[in-house]
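First chain A sits with chain B, and in the next complex the same chain sits with chain C.
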Partner chain A sequence: MHDPFKFSGKALIAIAILIAALVALPFIAKAVGLPATTPLATRLLIYAIAAGSLNLVLGFGGMVSFGHAAFYGVGGYTVGILFQHLRIGEPLFGFIPGTEQFLIAVPAAILVAGAFALLIGALALRTSGVQFIMITLAFAQMLFFLFVALKRYGGDDGLIIRRRNALFDLNMRDDMTFYFVVLIVTIGFYLLMWRIAASRFGMVLGAIRQNERRVAALGIAVYRYKLAAFTIAGMGAGLAGGLVANYARFVSPDMLHWTKSGELMVMVILGGAGTLLGPLFGAFALVTLETVLSGWTERWQLFLGPILLLIILYFRGGLSGLFKFIGGGGK
Partner chain B sequence: MLRVSDLASAYGDSQVLFGIDLSIDRGEVVTLLGRNGVGKTTTIRTIMGLVKARGGKVDFDGTALIGRPPEGIARLGIGLVPEGRQVFPTLTVHENLVATAANRLKRATPWTIDRVTALFPRLGERLTQSAGTLSGGEQQMLAIGRALMTNPDLLILDEATEGLAPVIRAEIWRCIETLKGEGQSILIVDKNLKVLRRLADRHYAIEKGRTVWSGTGADLDRDAELVHRYVGV
Partner chain C sequence: MSLLFVEQVLNGLQLGVMLFLLAAGLTLIFGIMGIINLAHGSLYMVGAYAGSITASSTGSFLLAIPAGLAAAAVTGLAVEYLVIRKLYDRDHLDQVLATYGLVLLFNESVSLIFGRQPLFVGVPAALSGSVEILPGMTFSVYRLTIIVAGLVIAVGLYALIQRTRLGMLIRAGATNRDMVRALGVDIKLLYTLVFGLGALLAGFAGVMAGPLLSVQVGMGEQILIMTFVVVVVGGVGSIRGALFGAIVVGLVDTLLRAFLPQLVRGMLADPSEADQLSAGLASMGVYVLMAIVLLWRPQGLFPARG
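For the complex of A and B:
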């Protein structure tokens, strides 16, 4: 039996080169005296996970969720709050002990974000179209204001995490070590996305994007598939949030702000919605453009806008479409 | 197995169906005849729960269908091949077939990719191609294959040969005949009286949202003039 998601030889080579480049990156950065590149690349990878998770609903499932940052923020706060309770030596809700173990805090971030996604998705997915966009946005804003109001965890000012979570005996303070932890997680995440996209679940999701009623008429309970995708996506965002809390050693309500949801959406669309590696390219492109342009001028957004517009207008598949165009010798 | 009585339905304020009666027994091939716009497709969409019924009854193996969601109705064992084919264009042929496949009624010999490609060899040659690149006839075959892969008790074909080249039509009719030979119950909406006369056990004619005539092949011969007027060919 053929495998519909088997990569062509060319694509496999490209992926191998990409991974090799990501592995070599911190060493090269160090050698050429640009050590700040490593933390920047760490941030890129984390965004790539967040955008990749949004891609599951937005790209594969065709659900325009405008509240994805909520799950990203919830994941971040889970890590932050667990650390805070360890520091003050008082269990959360009186029975959940705090922790600074990476292997506990980050999975907890995934699960808590997933639980929120399940709840919000269960309600929001009863609607569709513009209503769905507005409802996901509304829930995200509610959570945003909840964290603003939570004075105990810093409210508006956010919550400082004194040190990164501990993982085995690794020196997580070291930027290069942390980069490799994030890189491994990112590769694992994208492998999972690849398996999901190739599974029957992924096919049904693609069919739902094209025509929901048609899928229902074939006996598929569309709502359940959408809710499962929405929940998995929320878990992915929770993972990214948990990582970024470690990376920045800080969480704040900004993580849940609607502009963050918008940023993730731009990454997905810019990179190519519904393509496997699109969100990765999108995250790289957006963060790199931001960094480069903001180094040149304070009004960098003035230049970012037209660049995004050009890519979206001329390459329907986003950057993935552009790469395919180049790789295929143009067609 | 399927009994529809006095079915009424509407799109918004404009009522389309006023009183549809029809029934299909196990192993039967039954047709729904009528001109364009008399409510044949609406009848099928209402049976499937895609259009809300305003009145009447639909009964499938003793289960009332009205009020159930489309997926619930499909899961009871009705496979729809919708008008205009409606494959999933970005999925491959193989993905179109397996994505929604199921054997909910626990058939001993369920449909498989191999069986579908034996029925439609053209599909077998194009399994890895995306469905959007298929010709109209191939998409129609894919839509039939996709419905068969849900192992339905009742297969509903809405205008399965509409707009296809004669040679492709013949191939599709031949496959429907094969399915009939295997005991598949089928409800067909079409206008090709000559083929249907030979293929189907019974016929219903619809006009202005009502069942106005029904009968067997012999009745069809007898009332040929009347039925031709209803069908408008």
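For the complex of A and C:
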């Protein structure tokens, strides 16, 4: 069988160069006197994980989930709340002790986000098409209100996490160290995405996107596959949320805001939905755009709107489509 | 207590009517054109801004209504002509992203022009004050006007769709778009009319909301997401579903907000925490309602026929 996710030699070299560049980045940033690039790149990698997880449902599975930021926020709050309980020395719900161990807090973020995704997905996947879009958006909004209401965890103002989670004896406060932790997690995450996309599960998911009825007619339980993908994607977003809570040392309901879901979707689409590394490039494009434009004007979204419109209306296939177009290949 | 309950039911009805004005347009646009339009909330915002600014600069609410309607309709037609037309044959993902781009554009432009400070407009003098509707119970004339106007519009829409030639084409278009086109109906014109109608309804809702809410950037999305809940609860593409869904959602939301705090306050020691928690739980209520409807009837309570 032809494996569409098997890399050619050329692609492997390109990926090796990409990884080498990412490893070298903080050293170069330091050498040329732009140390602020390292935290920026950290944020970029975290977004790349969040967008990559959305890509599993949106790109591979063809499910237009407009509430992905909910799981990202739930992951962030898991880390934040566990830290808060450690700080006040009072177990959560009376029996779960707080923690600042990275290896406990971040997996907890993944699991909790996955549980929410399982629950929301189980309901939302009872429908499809436009209802699915509306429902995922609405449930995300519901969780947004939940965290606004939790005054004990900061409510509207968000929750400050005084220090990053501890991982072995690493100095996590150091931006470069934290960058490498995130880089390793990101590489691991993308390796996993690659294996998922190439697996039988990934194949079925792609087939569902192309023709759901036919897959169902083949006797495959479509709902279960979709729900599994939705849950895995939620876990990925929870991972990104747990990392960003560590990165920013702050979580707030803004993480679950519907515009955040929109941004994640834009990253996936900019990079080209359903491609392995697309979300990484999409995250890169959006973060760069944001950085450049917001250096210029506070209202960078004023430009994002029309740019998005132009890309959707005239350049289908995201950045790769744009490049093809510029390269003379046409649309 | 029971009088308070009646008052809150009326408030819920008023919210339901507002939601209906938006949901009707959204569901028609989806049912007939197959377009999911996130920018529907922006049209509501445009109506609210145009209405509020006209009302505060001329002092006349009677002028504010046509101003809001005109602004929303012109914006809606421009959006339809420039963007939506290109999206008819696209999948939902492209529609969501393009209209999301429109939302960003509208929100940022409005905050650039009018600033981030919310606008406040008073209730028009002729409709201010309250009227005794039951012995010992008064209710705001303005809110009552909204309820009546909304119900009149609902009846008007029903008549338009069930009794006129245009309505017949709309129903036909919702059932089988290609067949209508094949029969020689100018489907583009029909689409433009439907979109314009939706924009008018959203603009009207915006103008009427002006004196009740603060007019600010982001108001459109807040109500848009609730409108989605209405459409999902009522059934996509059905006006009847939009009406019932809107009233159910309006009532549930308002009654929870009114009565939940007392319940929660009884259970929690800290009253301020109880208030914030109950406010949050009340905001979640309509989504829980949606979840229940989905478990029971995934297609909504009144799915479109055909």
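Following the convention adopted for this analysis, the second predicted complex is superposed on the first by the 301 of 331 C-alpha atoms of A that agree within 3 Å, B and C clash if a C-alpha of one lies under 4 Å from a C-alpha of the other, contacts with A are read in each partner's own complex, and residues count from 1 in each chain.
Operating definition for what follows: contacts are C-beta pairs under 8 Å (C-beta built on N, C-alpha and C of every residue); 3 or more make two chains touch, one makes a residue touch a chain.
Being a predicted model, the structure only gives us computed values, none of them experimental.
Peer 1: Under the superposition described at the top, does placing chain B and chain C together on chain A give a clash or a fit?
Peer 2: Here the two partners, once superposed via chain A, fit next to each other without clashing.
Peer 1: Could you tell me if A:Met172 is touching chain B, chain C, both of them or neither one (first, second, both, neither)?
Peer 2: neither
Peer 1: With both structures superposed on the shared chain, find the angle between the C-alpha centres of chain B and chain C as seen from the C-alpha centre of chain A, to the nearest 10 degrees.
Peer 2: With chain A as the vertex, chain B and chain C sit 80 degrees apart.
Peer 1: Quick check on the superposed pair: does A:Ile220 touch chain B, chain C, both, or neither? Answer first, second, both or neither.
Peer 2: Touch partner of A:Ile220: chain B, not chain C.
Peer 1: Is A:Leu302 contacted by the first partner chain B, the second partner chain C, both or neither?
Peer 2: The second partner, chain C, only.
Peer 1: Considering only touches as defined above, state whether A:Gln210 meets chain B (first), chain C (second), both or neither.
Peer 2: After superposing on A, A:Gln210 lies in contact with chain B but is clear of chain C.
Peer 1: Check whether A:Met134 is in contact with chain B, with chain C, with both or with neither, and answer first, second, both or neither.
Peer 2: second
Peer 1: Given the touch rule stated above, what does A:Ala14 touch, chain B (first), chain C (second), both, or neither?
Peer 2: A:Ala14 contacts neither chain B nor chain C.
Peer 1: I want to verify one number: the closest Cα approach of chain B to chain C after the superposition, in Å.
Peer 2: Superposed on chain A, the two chains' closest C-alpha atoms are separated by 6 Å.
Peer 1: Let me check the overlay on chain A: which residues of chain A are in contact with chain B and also with chain C?
Peer 2: none
Peer 1: Given the complex with chain C, which residues does chain A contribute to the contact?
Peer 2: Checking each residue of chain A against chain C gives 58, 64, 66, 123-124, 126-127, 129-131, 133-135, 137-139, 141-142, 145-146, 148-152, 155, 258-259, 262, 265-266, 269, 273, 299, 301-302, 304-309, 312-313, 316.
Peer 1: Write out the stretch or stretches of chain A touching chain B in their complex.
Peer 2: 2, 4, 200, 203-204, 206-207, 210-211, 213-222
Peer 1: In the complex formed with chain A, which residues of chain B make contact?
Peer 2: The contact residues of chain B facing chain A are 48, 50, 69-71, 74-75, 79-80, 82, 86, 88-92, 94-96, 98-100, 102, 104, 127-128, 146-147, 150.
Peer 1: Which part of chain C faces chain A closely enough to touch in the complex?
Peer 2: Chain C residues touching chain A: 30, 36, 83, 86-87, 92-94, 96-98, 100-109, 111-112, 221, 225, 228-229, 231-232, 236, 272-273, 276-281, 283-284, 287-288, 290-291, 294-295, 298-300.
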